[in-house]
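Here is the structure we will look at.
Naming follows writing order (A, B, C and D), and every chain is counted from residue 1.
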């Protein structure tokens, strides 16, 4: 048991730092934060990572994975977060790709994986449906085989960035006769196919991130079916625990917390820094201690995964604690912003109020409420731990 | 000792409740919230006609002669409908300060026009740096003979953009953080040197940042006593917070009830989610939080109405609990509603935002608890 | 809506104060706190209350109740607690008496109520059984009619002060054919009856308060059956919400909290009073604010009860919050005691350690753990609220 | 970076685990806890023979040459059996201070007899008034020529009644609360002027209050450096707390697991109570609390073993979480067990008491968190 970095690890860390300094430029940063240039900038960033061989960090090396050790993953995530660089959009590289290389045909692998690696396709996820939330398997979107095509009818909801996406991977119902987990198939659908309509959903953060995606007689080639018809639930399940691990966001939370300490050092109450306020001290350190723990919980899970045990119910723990910490940080940011936490209009007003972090505070707080609901609600995660870890 | 309402109070509640139900459907409210004014001038006239704007004022002034209990009742019903009209800013804060000023000329000159709905008012008592400290005042009032000249900037002034008249706290003596040496001035919004930039808060309320550049005022513009503005403010804040506590409980009850009802209707895994014991026990917690908050509300409102020594302490306890219970209830409402709760389209998020705004109004839970501790743990 | 006291209320408060000053003497106090003299002293105290007409505060006046208004009850409880005077042992006056005057025969009323009023009989409660905890109705102790007697076999557990008791009121099973709530009868049993054995249970507080009471062929005259055979559950249920209200202990908690503030003002850390410590300040005021709320919740419930509505599920709220607050206070006391909170042996060592409140801290903390379990566990109370208030 | 144990460490764990299972049944432990000594001298000799008492000491001293990781492993297994023998007091605290003293004569004179089980030791570093502050020292060491005279009272000294030798913190300079000016002295328990009053703690541990009346000591009795005792103590406390963290996690896991198993067996309302979702979700919380505590334990133990800058901070984080998580886990274990959990007869209450004692050991959760904040929030 030790936590020291080897000489190779330290060299890798330096390499990452150099890469970040060269690649994550102020110009890129600016383009990432403007709505109109966001997508292109994010793609550019992901392509830079891929050129370095650092994009598909969890893929098997045969498909282009980075082949990193848990320690390298830890180092990269830490450095990336410290630099404030964005993560990768997970829907392609982390979510559909493992299904494709795990269960797809050779043709599908050849067709989709290289484009994902190079961020040529922007993917979104079609799981949830209006009326079926955490009870994912209750989905109703139907696909009926008609010649060489499946004809898809129904709707998906809470689809992040569907408005930017080229492709959507969907769970669809191909058989309703058995129990609900059976009869589900996994389809890859081109978003340009006629009959698809994307309806924006404005969130409580007043942003357009989520969407409803309607399917009206959408024809999807049979070649886009992953694995066997009616077996999609199996493929999707394998992917779910992966999603949960990714949601933990430890490195990101570390960065946010350290930013907030700096804010608390300069924001005043009655002329004294908020960092001297006993409530703020308690609130910050409550979070920090949980986060220090979660960082090592994640390392332990990564180490176990590298040693061959697949992250099962432990990933539920990461998801629950990770999202709880994220929300606590968002709450802390709001607390620090005080009355300015409620300021609604951005732009000019921010500078007027003298509290530039308040608009970010509100948007992140509000958007962050969803973290305990998506990726399988935290209640569902608790049911998973209860059943598979505690044996209840 | 009694915890029931008078016949008159029940009638008041019914009339407000009816208005909210009939005139304040969520979709109507949403349209109002997006207008430039941020509320309905027509509604405001209705309030005047129904006598609601007169509640806290004495009968001599043409008022209803009500107590904070009456204001609490009104605000509880307003809370249920997320009413946008600036009752708090104009009647409770602006009107409250005038009403407690002891200056009868000023009262006679202003209260009737609050009551008839023709004057909109605001209280500008916070500044960019002041966070929740009423005593952190940099705005300077400099005496020149019989006149004062005001300069400074006030932040997040509720109803500041619509107000015809604004009460401004300014320093006439003492240091930046002293309680003593703060004086309140009545300032006409149209007078030279007053500039206001309006913006919207997340609950739809319109506020403004107000700059004062050598605004010249007569001695008669002083509200209350020279240098003693802090005490006057504190009294009015206590009264206002009990009424806002009523609003908070209206919002909380609404969120709690809507969530319970949602779990009865919403099915997952083939059953109503309200049948899951883990959710049941959490909703029992929100139920208890509502009840405990209501108890502190009644405690504080009686304490303020009866002008007890512990009024400030009781109000701080209430404010602390509103913050904490509000967070719990809001979080559970969003979480239990799930995805649909996260959309701007549903009313739930809007109730949550209003509760968050109430939390930071005149001091959040942590701040209020520390102030409470100062009073309660003084040796 | 107002919280002012009328002139009559103020006069009553003065009367209570005079009574307490005269009756709750230092001598009585000393005898109450020594194990050997406790029972006699407690009886003496209750008899003093009864002589004043202040003992049976919730009984109808026709049976000797005090006829107090909610305000008077509030005033008395406050003054009593402020003085540090003990409450009344509830098993007779508050628990079995309402069943007797509510459902007993005239003979039973005449026989038992006067002796309860004058504290001549010490009662204990025979509800819980080994194996049946919160699921009270699952009880198995059997009573079979044999001539004019019921013959009782079985065991009751968690019986407070059974070792001091003259009588026990029991729920017994007289019929096992229907659903479990049916077939339960309510029996009054003389503790001197042959076949009763009291086995002490030492608690985690290392005290002997609880017992197991065994019944081995115990013959109980039919005249000791309350109401009808097999209808005992109905009678007991009426009593349960009463018990829950009594458990809240608001006035007691107020007194304890104010004592602890005094302790925190003199106990030091690094030479500074603990009362200046931010954690202690937060912990104290967290409790105080909840308690201030609960005081008014209780008043609201009392007022509603006086106006004719029977305390139903609201009493569950009082029980939950009341016991949570009690436990928080016990925890706070332990925190103040610091390392001395663990001192096990009382007597000499207490004075040695210089922290006389530490032994009390430990015993009350440990004993207090049971408060969220007895009287219907807090989980059961939540189920009650969920069902009867929320309609879930 | 790796989180697995060496072959040797796994063997160590197995041998301790086997001892606890075979020799430390709860009923046996309960009898031991009630003896005057409070533990078994025979067990102590077994520990010596098995080499456990030598774990932290270097091979040169005849020790096992282990790290804090090894001590942690041992203590985790001890925790599962609520082992009473004074390993913490004699080996970790007393032995730890000697071991870190840099004084080779003293090490050679004392460590072998710790290892062979013939010396019992104690560390007397707290006083009646000192609460959790190692630096609050009133006990005075007055210099007379080449000798020191010690006077004062030390409180709650673990193993104080059985110890042959005691390390005492005393003030050689500075004020009562200063970190500097504290010196550690090695005191023979039988020497004139040392009086000890033993008593028991609720977890069965024997402690003593020790009075020192003009105890005369040579210059050679100083452990470490004059006036620098605080730094030495802090280092040893960090090492000890990571080992005690191991014990805590042993206790927590035991409580959590016993509770889960109880809910599978215990029926109410016709079903196992483990089928109630509200309880399930609460046991998921205790599971997560165990895992998070274990993570901080590994973090702190590596930090201390690798002598990192953040070692103290990591230990304080661990100690804070042990207090908080321990409270949660203990509370839930008692509550979910219900009545039976409240009896002295069942082991549950005893595990809970040990966790409570660990919480107050060298600073409770609130105290540790404030100390943590001082390090973490320094600007």
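The rule is simple: a contact is a pair of C-beta atoms (placed from the backbone, for glycine too) under 8 Å apart; a residue touches a chain by one contact, two chains touch by 3 or more.
As the structure is a prediction and not an experimental result, all values here were calculated from the model.
K.L.:
Can you name the chain that lies farthest from subunit B, using the mean of each chain's Cα atoms as its centre?
P.N.:
Comparing chain centres, D lies farthest from subunit B.
K.L.:
Report which of B-C and A-C is connected by more C-beta pairs in contact.
P.N.:
Output for the comparison: B-C.
K.L.:
Between subunit B and subunit C, what is the gap in Å from one C-alpha centre to the other?
P.N.:
42
K.L.:
Could you give the separation in Å between the centres of subunit A and subunit C, each centre being the mean of its C-alpha atoms?
P.N.:
The computed centroid separation for subunit A versus subunit C comes out at 53 Å.
K.L.:
Centroid of subunit A to centroid of subunit B, CA atoms only: how many Å?
P.N.:
The computed centroid separation for subunit A versus subunit B comes out at 39 Å.
K.L.:
Find every residue in subunit A that makes contact with two or more other chains and list them.
P.N.:
Each of 278-279, 281-282, 379, 382 in subunit A touches at least two other chains.
K.L.:
Listing for subunit B: what residues touch at least two other chains?
P.N.:
276-278, 280-281, 369-370
K.L.:
Help me check something: in the complex, which residues belonging to subunit A touch subunit D?
P.N.:
Those in contact with subunit D are residues 1-5, 9, 70-71, 74, 261, 265, 273, 275, 281-282, 284-286, 288-290, 292-297, 299-300, 303, 307, 314, 317, 320-321, 379, 382-383, 385-386, 389-392.
K.L.:
Mind listing the subunit C positions that touch subunit D in their complex?
P.N.:
Counting only subunit C, the residues touching subunit D are 128, 132-135, 138, 157-158, 201-204, 206, 210, 267-271, 277-280, 283, 331, 334-335, 338-345, 349, 352-354, 362, 366, 369-370, 372-374, 377-379, 382.
K.L.:
Could you please specify the touching residues of subunit C with respect to subunit A in the complex?
P.N.:
The touching residues are 278-279, 281-282.
K.L.:
Which bits of subunit B are touching subunit C when the two form their complex?
P.N.:
For subunit B paired with subunit C, touching residues are 1-5, 9, 69, 260, 263-264, 274-275, 277, 280-281, 283-284, 287-288, 291-296, 298-299, 301-303, 305-306, 314, 317, 320-321, 369-370, 372-373, 376-377, 379.
K.L.:
Would you pull the subunit D residues touching subunit B in the complex into a rising list?
P.N.:
276-278, 280-281
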